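After this come two complexes, each holding chain A, first together with chain B and then together with chain C.
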Partner chain A sequence: MRKIDLTIEICGSSGDGTLAAGDILAMTLSHLGYHTLSFDVYPAEIRGFGKCVAHTRVSDAPLYSVGRGVDVLVSLNDPYSIEQAPSLKERAVVLFDSWPLKEVGEGECVAGHLKPGNYLYGVPMGELSQRSTHGWRSRNIVALGALAGLFDMDVDGFLERLTSKFKKKAGVAEQVAAAFKAGVDYVRENLLKIDPLSLALDKKPEQKGYALLSGNEAAAQGALDAKCRFYAGYPITPATKIMEILSARLPREGGTVVQTEDEISAIGMVTGAAFMGKRAMTATSGPGLCLMSEFIGYNVMAENSVVILDGQRGGPATGLPTKTEQSDLMMAMFGTNGDAPRIVVAPTSVAECHYWVAEAFYLAEKYQVPVIVLSDLFLATCKTNVILAKIDPKKLAANKVPTAEQMKDYRRQLVTDDGVSPRTIPGTVGGEFVVSGLEQDEEGTPAYDAKTHTMMTEKRHRKMRTALENDVPRPERFGCNGKASLGVLSWGSTMGAVVEAVERACEKGHKVAALKQVVLNPLHVEDLKAFCADCETLLVPELNYGGQFANWLSMHVSAPMRRLCRVNTRPLSYQDVLEEIENISGDGK
Partner chain B sequence: MEHYVIIGGGTAGNVAAETLRQGDAQARVTLISADPTHYVYRHRLADFAATEESFDSLIVHDPKWYEDRKVQLRLAQPVVQVRPSDKSILLAHRERITYDKLLICSGERHRLPEYLSPFDKFINKFSSGRDAIMLKARMDRIEHVTLLGGDSIGLQLISALLPAGKKVTLVMDEYRFWPFEFDDKQKDRMAEALSKKGVQVLKDDFVTDVQKQNGGLLVKTRGGARIATDEAILCSGMVPSLEFLADSGIDMQEGVLVNERLETSAGQVWAAGGCAQIYHPELNDYRCSTGYVNALVQGELAARNMMGALENAPLCEPGKFRISGEEFTTYGWKGFSLDEKN
Partner chain C sequence: MNETAAKPEVFYLDEEISRVRGSGMLSYRSSRLPTWCPGCGFFGIEHALTEAIRELGIKSHELVVVSGIGCTGRYPFFINGYGIHALHGRALPVATGAKIARPELNVAALTGDGDCMGIGIGHLPHACRRNTDIVCVLFDNNIYGLTKGQTSPTTPTRQQTNSHPFGNPDVPLDPVRFVLGAGASFVARGYAGRPRDMQVLFREAFLHKGFSFVHIMSPCVTFDKVNYTYQRLNELIMPLPKRHDFTDLNMAMERALDRELFLGLFYKEERPTFAEQMRSYAERAGGEK
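On to the complex of A and B.
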C-alpha cells in the first residue's frame, strides 16, 4: 500500500521555464529516493506562448501510470492554470504567484477558481526572483524552492541537484541557488502549512541502480546497447529526442547518424545500411510511418533487417503533434501492400522501451524482417525511475551465417524449414546476391509464377511462426488466479494504467486478471484464447477511437470484448480503468 | 443577479452567507477570508492546541457545505482595499472584485499594548486556527506558558493548558480585563479563583522586558518577577481588524461605525460582528461587541438587511463563566466554566 501518492503539476506559459522546473523536480525527487513518473504537455507551435504543464506523480512505491486529478498545482501563469483547476482534488494545494505585474480582474487569478476544500498558498514569485537574481526569469526556481519548503523536502539535497544541473553555466548556478533559497525562506517565514499532504518518508527507499529516464532516452540507450551502428531520421515529435541522443553518442561508438530531408529518405538509408549488415534504425511518428510504408513492404520482400520506432501521436495526418494516442496499431500491423508479415512490439513501460528496442535489433537481424516498435508520445516523453536490463551478449550477433556447404551454391532466398535464409554481407566472395522489391526465387531472380509466389509467401510467414516459437515471450498474466469475472487486455503505455487498476481492484476484492503481451505480432493465440476462456467478461482499454487492439484480438479469438476507448489527448489513468472495472464488476466481486 | 461579497470567514460571515443564500437562490455569494483555515469553533481552539484533537474536528462547515450552497469560498486571500466609489475590493494578490452589496465582518485582531510592542517578536498570539496550529506544533516542547494581560482567550487557554499538565503564569494587566472592565474587587476575585486552579497570578503587575534565554524566554515585570518560560502569549484583548479600510472613506472609530441596521457610511456596505461599532438608540451611543453569540445575531441580521429588511441590532446579551465557584459576566462569549475541567 502506498503511503505517498501525489500528483504535482507545474503550469505556465512557454518561456516561464515550466517544463524545466518539472524536469528538475522529477530529477530531484527521484534522486531523493522517491519513485516518480512525469510527463509534459506542451503546445505544438515551436514559438509562442502556449500552455505548458509539467506533470509529476511521486510515490514511495513504483509507478506505472499517471494518476487522475491533481494534488498540487504550481501556477506560473494563472490564465492557463485556471484551466487546470477542475482537475484539482478536493484537498489539493495550489501555489501561485501572489504578486503579479499588474492588477487583474475578478476570475483572472487561479485563486478565484478553487474548490472550497483546496489550500491556497501565495508566494510572490516574480518579486522574489527579482530580489534574488535581479530578473524575473527565475520565478520557476523560486516556485521550486517554495514547493520544497512547503513540503519539508531535503532542501540541501534539492539545492545540490539543482546547482549541479547548472554548474557548467558560469554564474547561473549561483543565481539558481539564490532564487531557490528565496522560495524556501519565504515559505518558512511567511506561510503555515495547514494542508494534509505530505512527502515525508519513513525511510529512504532503496534506489540503487535506478536511472530517471524517458521512453525516448531508454529507447536510444537500447539501440546503443544493441550495437546499433546506423541511424537516419527526420525530426518529428515525439521521436526527435532519440536522434538527438544518438547524434551525440553513436559516433563515439563508431556509428553514424544522418538527419535526412524526409522520412522516405531516412528509411531508404536505413534499408541500405541494414543491407550492408549494419544494425540500423529510424524513429518517427505516425505521419513519418505513413511515408515509410512502401519501404516496409520492400524490406519484407527483400528480407532486410530494419528497426522502425513509431512514437504514436494524435492523428490522422499531422494531427495533434504534441498529444498522445495509440492509433497507429493497424498501420504498424498492415501498413503496406501485399501480404507483408513483420514483427510489431509495443513496450509497456520506459524500462521496456530499452529492452524491446534492443530486442528489436535481435529479432530483425535473426528473422530478416522489419521490426516496428510502437511507442507513443506519453511513453516517449514520460520520465520514470527504471533499472535497465542487461542485454544478452549472445543476441548481439544474430545473423544466420551460411555454412560452407551453403556457400558452394549460395542462395540468398534459400527456402528453409524455419523460413530464415542464410545471409552474407555484401562483398563476401562467393556470397554475392541480388534483391529487389520484385517477387523472386531462391537465387533472387524475379519470378512471377504462382508456385514461386506461394512458396516465398509461405516462407516469409513461416519466419513469424519460428520467431513465435523461439523468441516471442509468452503473455504474462497478473491479477487474480484461476477464473476471473473480468479480464483486461491492453497494450503499450496503457498497460501501466491496467497494472495499477487491476492491483487495486484485486485489493478491493474484485476477481480481475490482466494479460500483458508486448509482442503484438506474431501473437501467442493459444494463450490468448486460454485467458479469454478464463474470464467471464473482457475489457480492452486503449487510446484510439475504434478499438484497434480489440479488433486485432478479435481476428484471433471470438470472445466479445468491451472497449474502453479514449481520444482525449491524455494517457489513461489507473482510475479511468479502475472505474470501468468497477462499473462492469459491480457488486459481483 | 446580485453579487454579495462578504469579508470575513468567521461566525458572522458564515451565518450571513447562509442567510443570503436562503433569501436569494440566484445571487452570487462570495465569502473571503484572510485566514487560511476553514471556519472553526473558536472556543475549542485551545483544547485543540493542548490535546490530540484533530483540526478537522474543529471545522464547522466542511467544503461540501459551501458547494451545496453555491458559496464561493476564498480562503487565505486577505483584502487590502475597499473602494465603495466603484463598488470594488482589492485582494492582496492584486485581484479586484466588484460587488453589488458588501458585508464587512473582518472580526478582531489582538490588541498589543504599547508597553509590549517592543517585545512583539517574542510574544505569540492565539485566536485563529492558524495560531492554534502553530501552538500545537510547539506544544511538546512547552512546559511553562506565561499569559500577558488577561482576557477571555487567556481563560480558554488556561482551561486547556492546566489539564495538559502545563504550568501557567498570568501577568494580569493592571488596567483591564478584556472584554469587560473589572473593578478591583472583581479582579481580586478573578485572581484568587485562578490561583485556586493552580495558575501563578501576578496581579496588577506590568511586563517591562521579554528576552530570549536558554532556548526559552525570560519575562521581567515591574514588580521584580523574573519568569523563565517556554512561551509568552498575548492575552490583552482584541480590537476590530480594520487596517484594510484605511483609505476606504468609510467612517470608523474603534470599529466600523454602523447605524442600528448595520449600514456603514458608504452605500451598499454593511458591517457586523467584532469589527462593527454599532449605534444603539437606547444608549444613544456606539458599542463594539465581541464573541460568537453577537457575531451570530449580527451576521444574520446584516444579511437580512442587505436583502431589504430594516431590522435593528439588539444590544449584546451577557454570558456567564465560572472559575472555582466564582461567577463572572461576559458579553459575547458563550458561557463556559473552568470548573468543569479542573
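On to the complex of A and C.
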C-alpha cells in the first residue's frame, strides 16, 4: 500500500515560470527520495501567452502512470486555473496568489470555483516575491516554498537542491533562496494547516542512484549505451528531443547526427550507414513513419539493420501534434507493401525506453531486420525517476560474420537454418556484395522465379522465429496467480496504468491478472493462449479508437476481448482501468 | 569537327579483347551481364566510370556504389564492389549515410533522370549544399526507359512519348543549372558517346573533395528516336571554351544557360565537406562537457 500518492498541478500563463517550477519540483522531490512522474501540458502554437500546466504525481513507491484528479493545485494565473478546477478531488488543496500582478475581475479568482470540501490557502506570492527579491519574477519559487512548508517536506534539503541548481548564475541562487524561504516562512507563520495531506516521509529513503529522465532522454541514453554511431532525423514532435540530445553527445563518441531534408532522407541515410556496419537509428512520429514505410520494406528485403523509434501522437495525418495516442500499432506492424516481417517493440516505462532502444540495436544487428520502437507522446515527455539497466557488453557486437569456409565463395543471401545470412562489412576484401529491393538469389542476382521468391520469403520469416526462440523474453504476468476472473492485456505506456490498477484491484480482493509483453512482434503465442485460458474475461485497454492491439491479439488467439479504447488526448489513468475492472468484476470478486 | 567524326576507326575484335583483358578492367566486372539494350549509351558510361576507378587505383572492396531504380539502377550488379541498389529516387540519402558512416571508402551515387530529377529531386539540392564527399553521376537519357518510354523531367517540351502521345506540355529541367543554383561544389557535363572525356570528368569528380555532380547525356536507342540520338548529340555538343574559368560561378551559370550543349567542367569550388565541418564544430565544443 502506498502511504503517499499525491498529484500536484502548477497552473499559470507562459512567462509565470510555471513549467520551470514544475521541473524544479519534480527534480527536488526525486532527489529527496520520492518517486515522481511528471509531465507538462502546453499549447501546440508558439505564442507569447498561453496556459501551461506542470503536472507532478508523487509517491513513496514507484509510479507507472498518471493519476486522475488533482490533490494540490497551485495557481499562478487564476483564470487559467479555473479551467483546472473540475479535476480537483474532493479533499483537494488549492494555493492561490492573494496578491496577484493584475487586478482580478469578478468571477476571475479561482477561490470562487472550488468544490465543497476543497481547502483554500491564499499566499501573497506577488508581494513575497517583491519583498524578498525586489521583483515579480520569483512568484513561482515562492509558491514552491509555500508547498514545501505546507506539506511537511524536508525544507533544508529542498533549499540545498534549489540553490545548487542555480549556483552557476551569479546572484540568482541567493535570490531564489530568499524567495523560497519567504514562501516557507509565510505559510508557517500565517496559515493554520487544516487539510489532511502530507508529504512527510517516515524515514529518509536511501538514495539508489535514480535519474530523473523522460522517455526521450532515456531512449537517447539507450542509443548511446548501445554504441549507436549514426543518427539522421527530421524535427517532429515528440521525437525531436532525441535528435537534440544526440546532436550534442554523439560527436564526442565519434558518431554523427544529420538533420535531413525529410524523413525519407533520414531513413535513407540510416539505411546507408547501417549497410556500412554502423549502428544507426532515426526517431520520428506517425507522419514521419508514413514517409519511411517504403524504406521499412526495403530494409526487410535488403536485410539491413535499422532502428526506428516512433513517438506516437494523435492522428491521422498531422493530427494532434502535442497530444498522446497509441494508434500507430497497425502501421508499425504492417506498414509497407508485401510480406515484410519486422520486429516491433513497445516499451512500457521510461526505464524500458532506455533498455529496449539498446536492445533494438542488438536485435536489428543480429537478425538483420528493421526494429521499430513504439513510444508515445506521454512516455516520450513524462519525467520519472528511474534506474537505468546495464547494457550487456556481449550484445554490442552481434553481426553474424561469415566463416573462412563461407568466405571462399561468399554469398550475401546464403539460405541458412536460422534464416540469418552471414554478413561482411564493406571494406572486407573478397566480401563484396550487392543488396537490393529486388528479390535476389543467394548470389545477390535479381531473380523473379517462384522458387527463389518462396525460399527467400520463408528465410525472412524464419529469422523472426529464431529471434522469438532466442532473444524475445517471455511475457510477464502480474496480479493474482492461477485462474483469474479477469485478465488485462495492454501495451506501451498504457501498461503502466494497468499494472497499478491490477495491483489495487488485487488489494481489494478481485481476482485479476495482467500480462505484459514489450516485444509485440514476434509474439509468444503459446504463453498468450495459456494466459487467455486462465482468465474468464479479457480486457484490453489502449489509446486508439478501434482497439488495434486487441485486433492484433485476435489474429493469434480466439478468446473474445473487451476493449477499453480512449482517444481523449490523455493517457489512461490507473483509476480509468480500475473502474473498468470493477465494472466487469462487479462485487463477485 | 564533323569531318574528323566522319572518318571511321577500324577495330579488330580479338585485338580489342586482348587489350581489355590485359588492362585489368575485367577485375572490376562482376559475373553478371548488363541488362541494357544493345546500343544503349549506358555501356559507354559504365566503361568510362570503371576505367576511371581503375585509373585511380580504387580497390573493389573500397568501392561502394549506390543506385536508385531505373535502367541506371542496375549498375551495381555489373561491377565488382559493394553495392546498394536502393529505392527509386533515394540513392543520394543512402550514399550520404554510407559515406558519413565510413569516410575511408569511396562512395558513388548513380542516378537516372527520373530518379534524380523526378522522384528524388528533393534530396538533390540538400546533397549539394551538404557537400558530402560523394560522386553523383546522372545518367540522363531524358526518358523513362525501364517502364518503356514515358516522359521524364528532362524530356523536351512537345516531344511525344508513351505517356504524352500529343507531346510533353512541361518545360524540361536542366540538371546543370539546377545544381549550380543549389551550391554544388563540382559540376561537370559529359556525353555517353565520348568515353575518354567522361573518364577524365569521373576521375576529377572522385578526386574532388566534396559533392561532385556529373551530368551525362546518353541516348536511349529504344524509346527516344528524336531528341538524344547519337547523331543529334554529336552535332549539338561542344567542349567548353578554353577561356572558361571553372572557379567563376557566374560564368558557369552563363554557359549552362547557353543554347549550346557544353561539355566539360563547369564549376569547381574548394570548401569544407560536411564531415570536416562537423568535426571542426565538435572539436571546438569538445572542451566543455
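Definition applied: the second predicted complex is superposed on the first by the 587 of 589 C-alpha atoms of A that agree within 3 Å, B and C clash if a C-alpha of one lies under 4 Å from a C-alpha of the other, contacts with A are read in each partner's own complex, and residues count from 1 in each chain.
Note that in this section a residue touches a chain if its C-beta (ideal position, glycine included) is under 8 Å from a C-beta of that chain, and two chains touch if they have at least 3 such contacts.
On a predicted model such as this, the values are computed, not experimentally measured, just so you know.
S.K.: Given the superposition on chain A, are chain B and chain C in a clash or a fit?
M.R.: Pair status: fit.
S.K.: A:P79 contacts which: chain B (first), chain C (second), both, neither?
M.R.: Neither partner.
S.K.: Can you tell me whether chain B or chain C touches more residues on chain A?
M.R.: After superposing on chain A, more of chain A is contacted by C.
S.K.: Based on the superposed arrangement, let me know which partner A:K278 touches: chain B (first), chain C (second), both, or neither?
M.R.: Only chain C is touched by A:K278; chain B is not.
S.K.: For A:A232, decide between first (touching chain B), second (touching chain C), both and neither.
M.R.: A:A232 contacts chain C only, not chain B.
S.K.: After superposition on the shared chain, which partner residues are touched by A:G437: those of chain B (first), chain C (second), both, or neither?
M.R.: second
S.K.: Of the two partner chains, chain B (first) and chain C (second), which one does A:P62 touch, if any: first, second, both, or neither?
M.R.: In the superposed model, A:P62 contacts neither chain B nor chain C.
S.K.: Applying the touch criterion given at the start, work out whether A:V270 contacts chain B, chain C, both or neither, answering first, second, both or neither.
M.R.: Only chain C is touched by A:V270; chain B is not.
S.K.: Is A:G157 in contact with chain B, with chain C, with both, or with neither (first, second, both, neither)?
M.R.: Neither partner.
S.K.: Now for A:Y119: first (chain B), second (chain C), both, or neither, which partner does it touch?
M.R.: first
S.K.: A:E90 contacts which: chain B (first), chain C (second), both, neither?
M.R.: A:E90: touches chain B, not chain C.
S.K.: So after superposition, what is the minimum Cα distance from chain B to chain C, given in Å?
M.R.: 47
S.K.: For chain A, which residues lie in the overlap of the chain B contacts and the chain C contacts?
M.R.: none
S.K.: Which residues, counting only chain A, touch chain C once they are in their complex?
M.R.: Going by the criterion above, the answer is residues 229-230, 232, 248, 251-252, 256, 258, 260-262, 264-278, 280, 294-295, 298, 302, 426-438, 444-446.
S.K.: In their complex, what parts of chain A are in touch with chain B?
M.R.: Within the complex, chain A contacts chain B at residues 90, 96, 98-100, 102-106, 108-109, 111-112, 114-117, 119-122, 192, 194.
S.K.: Going by the contact rule set out above, which residues of chain C touch chain A in the complex?
M.R.: Residues in contact with chain A: 32, 59-62, 64, 66, 69, 76-77, 80-87, 90, 92-102, 104-105, 122-123, 126, 130, 274-275, 278-279, 281-282, 285-286, 289.
S.K.: Which residues, counting only chain B, touch chain A once they are in their complex?
M.R.: 36-37, 55, 62-67, 71-77, 90-98, 129-130, 133-134
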